[in-house]
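What follows are several structures.
Here come two complexes built around chain A, the first alongside chain B, the second alongside chain C.
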Partner chain A sequence: MGGRRYIPIIVATLLIVAGQPVLWAIARPYYMTQITMSAYYALVVIGLCLLMGYAGQVSLGHAGFFAIGGYTSAVLTTCNLLARQNEVPITCFRSLGLLVERQDLYGQAMLCFSPWAAFVAALLLTAGIAFLIGLPVIRLKGHYLAMATLGFGLIIYRIVLGAPVFGQADGISNVPPFELFAGLEVNGRPPYRVQNYYIAWAAVLAAMLLAINLVHSRVGRALRSIHQNEEAAHSLGVNTFQYKLSTFVLSAVFAAVGGALLTHYNGSIGPSEVTVMKSVRYVSIVAVGGMANLWGALVMAIALNVLSLRGNFGTYDDAVFGMILIVIMLFAPQGLLRMPNLRWISTWFSRRSYG
Partner chain B sequence: MNSAQIIQYCLSGITVGSIYAIVAIGFNIIYNTTGIINFAQGEFLIVGAMMAVSLTKVVPLPVAIGLAVVITTVLGGLVEVVFIRRVRDASVLRLIVITIGVSILIREAMLHIWDEKVRSLPYFTGTDVSTISVMGAHISPQVLWVLGVSAVIVTGLTLFFRFTLIGRAMRACADDRMAARLCGINDRWMVTLSFMLSAGIGAIAGCVISPVTQTQYDMGAPLAIKGFTVAILGGLGNSIAAIAAGLILGLLEVLMMSQFQAAYKEAVSIVVLLLILVFRPSGLFARRDLSSLRAF
Partner chain C sequence: MDEAFLETKKLHRFFGGLHAVNDVSFAVRRDTITALIGPNGAGKTTLFNLIAGTIPPHGGEVHFGGRPITGWKPHAIASRGIARTFQTTKLFLQMTVLENVMVGRHPRTRSGFVAGMLNLPWTWREHAEIEAKAMAILEDLGLSQYAGQTAANLPFGRQRVVEFARALATEPTLLLLDEPAAGLNIYETQELSELILRIRDRGVTCLVVEHDMSLVMNISDDVVVLDQGQKIAEGPPRTIQRHPDVIRIYLGENHVEDPQS
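The block that comes next holds the complex of A and B.
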């Protein structure tokens, strides 16, 4: 089937590019801000979709990985190293070009890690933690896995709330914009709105491309065999543990990318990003998208997050996601798009993305 | 630390530990009959306490608690009939996700009914400043209530499961659902009953601790985590061991609190949970001589 799986990517790109003038035309350019934020949350969902839908492993701790990415970026780009600039590790970092000098809000000189260095550090740290946590945890099944990942998420939440370096209940603010390369920067201020709309979508499409290719590769087939019957897969020589672990790490890294970029975009991160409810929200989005359906998850991630960020659910925000979970699991465990009377949508997609 | 302080800490550890044990028993009752973990278990405690707080404005305290327990029991049954019963031969993942959804719905409903305020029931005997001294330590009479009620619940459940027809039928379902069905036991009703039972004892526990720990709409999830830790520590489904595990966790928490910041108290149970899941997922007491006690 070769290139057909890329057709949705092209369609999505066209829709994204068409979306921007449409939003201008209907005089709702500020919608782009919510869409951009939703796109970063969608990165978490894409990663979780690989883990839940394809490898069949549940995680109730992905907000933790999102937070590790976001908080690492935030801490490294806001800590002032000026007072210790003559100490050995700092001079080393400086000669490697990992540090930048800038001024804070009040014009004070600051010496911090550059956003690129912080970004790479955030991803490496997340991958490392995910590997160490995954090593024991991914051997667990069912309830045990759910509770262990939930416990991991809670520990991260407690650390964030308790440690002064993470700003405790206030979180970290004044995170500088992230200049990707000449002229392009992840920045939440209105003049950068259009450019960030495209940056966020570029990140999402890159993630989708990676995920789709992964799912269609040998790895993807191995993962699906694990999902269907782990013992059978194991007996056929699939190294189930290694596949599950690497998917876990990969999905954690996706979450960290989303967390780090969104932190630079918002200029801040707080403990509300790390709650269990956030993790549950990601799970419910994957579920409503249809578990093993990357495009469904993406569509739902954008739709539900935009509605939630625009405040359309009012005080029932969390309740809506709880309700979604129950209704989908009771009536449409295959996801919204695979319900009998909506099946045409999924066949349209599946002909292209599963070929 | 002098001996009075040690006794003080130990008593406080035993008090919280016995509450964790009751939450864990709630998990176990449902786990044994259905094989699922009910993530909404912690919410039952809070619903019970909140309901009792509201009812005390209308009726005297004992009646209010009684009514609250009955209402929560019915709620537990409803949860099963409405959400769990319709899902047949579902994957564990699906059932987990449903009970998580139920817990969110209950929590959000509580938020809209009772708002975010911290409430509490009045002390059952005395006031919040009255104390009893035990070997040099000063404890609130409510602590005795907690310990007494926990003991009554555990004894009552043991008798119920051992000597009544319904209790034995529930144990039969836990052992082998198909065989129980062939003996004419209505297994569906037993599952509903197990939800009602764990909601009911959850509500009682929620009411007794309310004067000491206060009650807020979102306190269910942390309680559920601790209860689950205890349930795993004792071995899932083993309620006698859960009591021992509850006391161990309670004492550990108090020990941590006496040595470190109170903020890290919450982390103890999660670290214990992760350690036990990694090293001994079948529980501390998973030996043959104790597996015979697994009956309820």
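The block that comes next holds the complex of A and C.
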């Protein structure tokens, strides 16, 4: 049912598949690396779009959730448990198959959590933290919610900078690749470039599929009703608090997936991923994409992050995203693609993404 | 037969030092239309908010269908069968009329986040059902030609009826209507009173706040009068019309001696 909503997904898939050999042919394979990285950032944006555009809740703390995902994966896959391998919890983890033995860069034997175990742990931890943070915070409205989530982001940033286990200012490097299935691994080295282009896009398209389905579902309708008139929604039986909290947790998990996968792809994560300006960046991308427009958010996430990663914004990188946010809020609060001159671009897509 | 369907017991709510609802006890009988009247600021909307759970009471109890619902949240009360409309309409303005009514199906349907994200086949049936029921309600209220229109584009009078339809979609057994005729012309008001009677005959008990006295006297089985947060009278319309306190607050002191007016 609702098959038309999948047409853009099919089109996007064709574009992605067609784009890859083109990048190859024009001898710009390294563009693929930037697109791959942008795709992981796009996961954050897709989740945030659900939260901001549909549930109508702002978050200036999503870099924090991205970081919880990334750092959890990094810590668990790089800490060496060999010295403690006979202690009780470690033996249990081992017998459950959660640990793997490998060698570090210098050939030293290591016993670490497998990337899969770390990934699952990262998502569970993120969901748990988002739930605990959301419990008090999601009751707040507008500016207060923005301030509270901003505070959360700052706390995570301080923890990352201060705690030795997170590598402080250096972050964590030598994060191993993440073997998803036999032969498929999240790995940033050049031989894996094509494979990872597809892995990242598969993750993004899967996230888009889930998000689009949600938006068209009973829950999506309830979320939009909360956004438009919370009191009325509540009086019609929508458990507004539970729905907002669930969406908050869901969007945090999307961010954590992006954080964990990008960390494996880059082989490292550092505090620059956790800054408030990263959170602002995600918010500004959702805003410029049109708030309640998943495709707009995705297109903007890829375009702006690729430009940023290629250094096109130079030293104004953060300032550019700040400016984008201000300009959009002032002149086009419905998003760039809803501006009269540009509307034709989105009509084709949004006619499908609203149903 | 006179068993109370909705009952408040010494319900109390203050805002700062103002006793907006002051120890109000009253009952609504099943399958009747009860009117709640009183001058501006009497506490009628506040009383609705207390019954519907929008704000918690500072004292007293609300019983619905023989069970206490005091302090319940609005969504839980809606699921129990109380629906409401608002004094100033609160439609989802960016949604279509049909979607507005579809949201009303929320408490009678159940697919959640996971089922929605995975677009599970059983949710398709549920969706079709939601749409069909919402459409049927629109047809019944003569709104089907507006189904696809954005709610914000509807004329005011139609918006009120959409809000009515949306409340009915929750399949309430008690409907709270806060000044449903406000801003309607006489034809629309006439249509509305017929509608309320029709709804009552289908087994939906109605509690109506209304300033339009002819509407109140025509359709209601019982009238409750509120003034400055307190209940000052209660009874069938005929009696209320002659009640000296009611005449005083509506017409002023000097009319009290002349109950015919």
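Heads up, the rule we're going with is that the second predicted complex is superposed on the first by the 354 of 355 C-alpha atoms of A that agree within 3 Å, B and C clash if a C-alpha of one lies under 4 Å from a C-alpha of the other, contacts with A are read in each partner's own complex, and residues count from 1 in each chain.
The rule is short, and it goes like this: contacts are C-beta pairs under 8 Å (C-beta built on N, C-alpha and C of every residue); 3 or more make two chains touch, one makes a residue touch a chain.
Only a predicted model underlies this, so the values are computations on that prediction, with no experimental measurement involved.
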Which superposed partner A:240 touches (first chain B, second chain C, both, neither): second
Look at A:162 in the shared chain and tell me whether it touches chain B only, chain C only, both, or neither; answer first, second, both or neither. first
Answer with first, second, both or neither: which of chain B and chain C does A:330 touch in the superposed model? first
Report for A:318: first if it touches chain B alone, second if chain C alone, otherwise both or neither. first
Looking at A:213 after the superposition, I want to know if it touches chain B, chain C, both of them or none. Which is it: first, second, both, neither? second
On chain A, which partner's contacts cover more residues, chain B's or chain C's? B
In the overlay, answer first, second, both or neither for which of chain B and chain C A:250 touches. second
Just to be sure I read the superposition right, which of the two partners does A:180 touch: chain B = first, chain C = second, or both, or neither? neither
Tell me which partner A:224 touches in the superposition: chain B (first), chain C (second), both or neither. second
Chain A residues contacting chain B in one complex and chain C in the other none
Give every residue of chain A touching chain C within the complex, in rising order. 1-2, 210-211, 213-214, 216-222, 224-225, 228-229, 231-240, 246, 250
Parts of chain B lying in touch with chain A, wherever the complex brings them together: 36-37, 83, 86-87, 90, 92-94, 96-98, 100-105, 107-109, 111-112, 221, 225, 228, 232, 261, 263-264, 266-267, 270-271, 273-274, 277-278, 281
Parts of chain A lying in touch with chain B, wherever the complex brings them together: 52, 56, 58, 60, 136-137, 140-144, 146-148, 150-152, 154-155, 158, 161-162, 276-277, 280, 283-284, 287, 315-316, 318-319, 321-326, 329-330, 333
For the chain C and chain A complex, residues of the former touching the latter: 52, 54, 73-75, 78-79, 83-84, 86, 90-95, 99, 102-104, 106-107, 109, 111-113, 115-119, 123-124, 126-128, 130, 166-167, 169-170
